[in-house]
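Going in written order, the chains are labelled A, B and C, and every chain counts its residues from 1.
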Amino acid sequence: MEWLESFWTTYSTLVLSIGTNVLLALSIYLTLSCGLLTVANAAFMGIGAYTAGLLTVHTGTPFLFALIFGSLLPGIVAMLIGGPTLRLSGVYLAMATLAFGEVARILILNTEDLTGGALGLNGIPQMTNVLHVAVAVTGALYVLLRLAASPIGRTLTAISQDETVTELMGSDVRAYKLFAFTLGAVLAGLAGALNAHFTFFISPNEYGFERAVEILAMGVLGGTGSPWGAVLGGVLVTLLPELLRGLGHYRPLINGLILILIILYSPKGIWDLTRFVRRPAKLPALN
Amino acid sequence: MLGQQLINAVSLGGVYALFALGFTLIFGVLGVVNLAHGAIFMLGAYAALQAVTLLEVPLVGGILAAMAISGMAGWLLDRMIFAPLRARRAPHLAPMIATIGLAIVLNSAVEGFFGAENLRLPIDILPADTLKMSGVQITWLELQIVVMAVLLMGALFWSLKKTRVGCALRAVAESPKAAALAGIDVEGLFRLTSVIASLLGGVAGVLIALYTNAVFPLMGQPMLHKGIAVVILGGMGDMRGALLGGFFLGFAEVFSVAYIGSTMRDAIAFGLLFVILLIRPEGLFGKAAQRRA
Amino acid sequence: MLKLSSISKRFGGLQVLQDVSLELPPRGIVGLIGPNGAGKTTVFNLITGLLAPDKGTIEFFGKPLTGMPPYRIARVGLVRTFQNGRIFRDMSVLENVLVAMAHQTAYSAANLFLPLRRFRSAERREQEIAHDLLFRMGLFEKAHRLAGELSFGDQRRVEIARALATNPKLLLLDEPAAGMNAVEKQQLMDEIVKLDENGVGIFIIEHDMRFIMGLCRHILVLNFGRVIAQGMPEEIRADPAVIEAYLGRDGESVTAGTGIVI
């Protein structure tokens, strides 16, 4: 198992990054799948990271509980701001969530006593290992796959196509959107909490505009057709800068290019191309 | 002291208004939220900086360089991104996402070329003399900023009202289809709008660089957020609203810094934005945009 | 069953509906006609809750609908179709129908984790009901085709099937025959008659006079936002005010308020 060990020392960060990025991609997939363009997930990630990090550093909370609180708090915040915010359409929603992200970041910057402000939070115990991430990713993927195949998933897709008609057919559209928004926030928070416990140092700038763009790039690349698209998007966005030797530096640039190119040339994301190989469904017997 | 604050507020407000006008112009005419406007603003500042340091032209030259570079960026933006998406009748969110990508590309590229540090305009460019007017000291610098901003905005409003092109532009903003039927070159006007709007943003970049004496790759981001706040406050697509909103924000920031403290200065804009979006998303002047159900 | 009392609605400077009162019996097919721009679609928008009236009340089986969000109104049994046909184009025909049944299925969070038996049987029943509906509308073989790829007539049928899936008490059809040829119109008339026989109330907006006169027992005529006549087809045909409303117009006029700005 020697090669495994050496592989791990070189690539552990990368594998763990892929894991948390897939979680983030799934979180934005959820909101995109019902037609919501929100860029708040970076902020939710930050809230999760800080919550979990502060709990383990200052109060010695066990890791698992820190993860749980780190996931729940963003969810609660999402439910609070989601009510009024999700009434907004398209561009206004995007801008409101952009503003929310900035407000969160500024709040963290200005609460130095608690969060360390611009200097960041240091000394978070490195407790995340690949098992945690694997369980989180598998769990999230499983739930989202079941969701996509369920009536809830169907309704979310319908909302993304025609919100008014979906409501006129009896679905409480606001509740569905709030559900997607909140669950997305929980996933993003979980990703943040996990991430904080292997980078051991976090600062507000990690959860700002560049992170939001990266998450958006993953979501747009993966498309809204299926959670697998999000997985693909997360993996590609993480790996691409690494594969192109030495361009890890230019990660934001690559993400930006991804956004532009996908929007211009393949708006439904990369996964949509697999539509052509889906098996035709069978008709049930009459009566 | 109050007088000094007033001058600051007017200068800052003028720049905010200029930036917001460009942003709202693109939304009003092309129907697109251009989130790369902040990056173009930043390009203007860098263009001026390079012109002044490398070519050793006076400040006016710097401003012209900013106009040229940002105007060109606006042209490319429409040609390469907005026009193809228009032709495809892409949904509204598509160009917005693309501009997010462009903003980050520009930020990274500039950071790669010029580094992430704060650069400063050379001292001799900045006029240091001050004027004394009714007990208040204004620097030539601030005066120039205010004059520049007011001149440009005046030119914009005048041409929108009085020239044929301005009229055509307003027609296109109202209804592209009707304008096309009337024989107006709608695509050309879209392109022109993008150029003009970006030009305004670029000049705003130079003016802020003068005001704060700092040029750095990410300077466009906080500006963009404030621009969004201003435009939403004043109503998307509403020029008067952008103008008044810009000054309003300038005043709000200057006076809150003076009396509350500077750490939360940037939060003022966002706090306002958030509240406005929740209570009255159409802004003070705009038409209702919130969906009903 | 459905009662509008003195409904008025204004859009900016335009008074779209003025003092409109009407009452629909629990059974039967009722028609709503009038020149373009008379305010017919606005009436539908008000009934289904997309718009709120400035004045007046709407009652359904005695219960007031004012202030109810559209999804609640749909659940109470008031469902509509659209003038241009708004199906979910990128979803299959079956999925279109299933979405309309979503609120009728009890679904709990537990099912997200495990495919529990009682949910599986509930889902199977759902599918059966949906397929049954499709069969009745002649769409059974097309269940898995993308709705956007179907012919125009079929798309209309999908929309009706979807509306039926909500178990409506009153179905509001907004120009269901628009764009159809004579054969398709006759088929649609037969389908509507069958719906009436099955106990679903029908309220139709249409321009095709033969269609309306052939189907409806009771017709309301709207012009410039006011009810100018109502009664049986023969009465309406002979009513001078109705004749003048139609003949007095020069062809098509630009409609205001034929939908919501979303």
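Everything below uses one rule, namely that a contact is a pair of C-beta atoms (placed from the backbone, for glycine too) under 8 Å apart; a residue touches a chain by one contact, two chains touch by 3 or more.
The structure displayed is predicted, hence computed values, not measured ones.
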item: From chain C, the most remote chain by mean C-alpha position; value: B
item: Chain closest to the middle, measuring from C-alpha centroids that were averaged per chain; value: A
item: Interchain centroid distance [CA atoms averaged], chain A/chain B, Å; value: 31
item: Chain centre separation in whole Å, for chain C relative to chain B (CA means); value: 47
item: CA centroid of chain A to CA centroid of chain C, Å; value: 40
item: Touching two or more other chains - residue numbers and ranges from chain C; value: 50, 69-71, 260, 262
item: Overlap residues in chain B, where contacts from two or more other chains coincide; value: 291, 293
item: Numbers and ranges of chain A residues touching at least 2 other chains; value: 89, 163-164, 167, 173
item: Touch list for chain B against partner chain A, complex; value: 33, 81, 84-85, 90, 92-98, 100-105, 107-109, 112, 221, 225, 228-229, 232, 263-264, 266-267, 270-271, 273-274, 277-278, 281, 289-291, 293
item: Touching residues on chain C, where the partner in the complex is chain A; value: 48, 50, 69-71, 74-75, 79-80, 82, 86, 88-91, 95, 98-105, 107, 111-113, 115, 123, 126-128, 131, 135, 140-141, 143-144, 162-163, 165-166, 260, 262
item: Residues of chain A touching chain B in the complex; value: 37, 84-85, 87-92, 94-96, 98-100, 102-103, 106-107, 110, 163-164, 167, 173, 209-210, 213, 216-217, 220, 250, 252-253, 255-260, 263-264, 267
item: Chain C contact footprint on chain A (complex, rising order); value: 89, 142-143, 146-147, 150-152, 154-155, 157-158, 161-173, 280-281, 283-284, 286
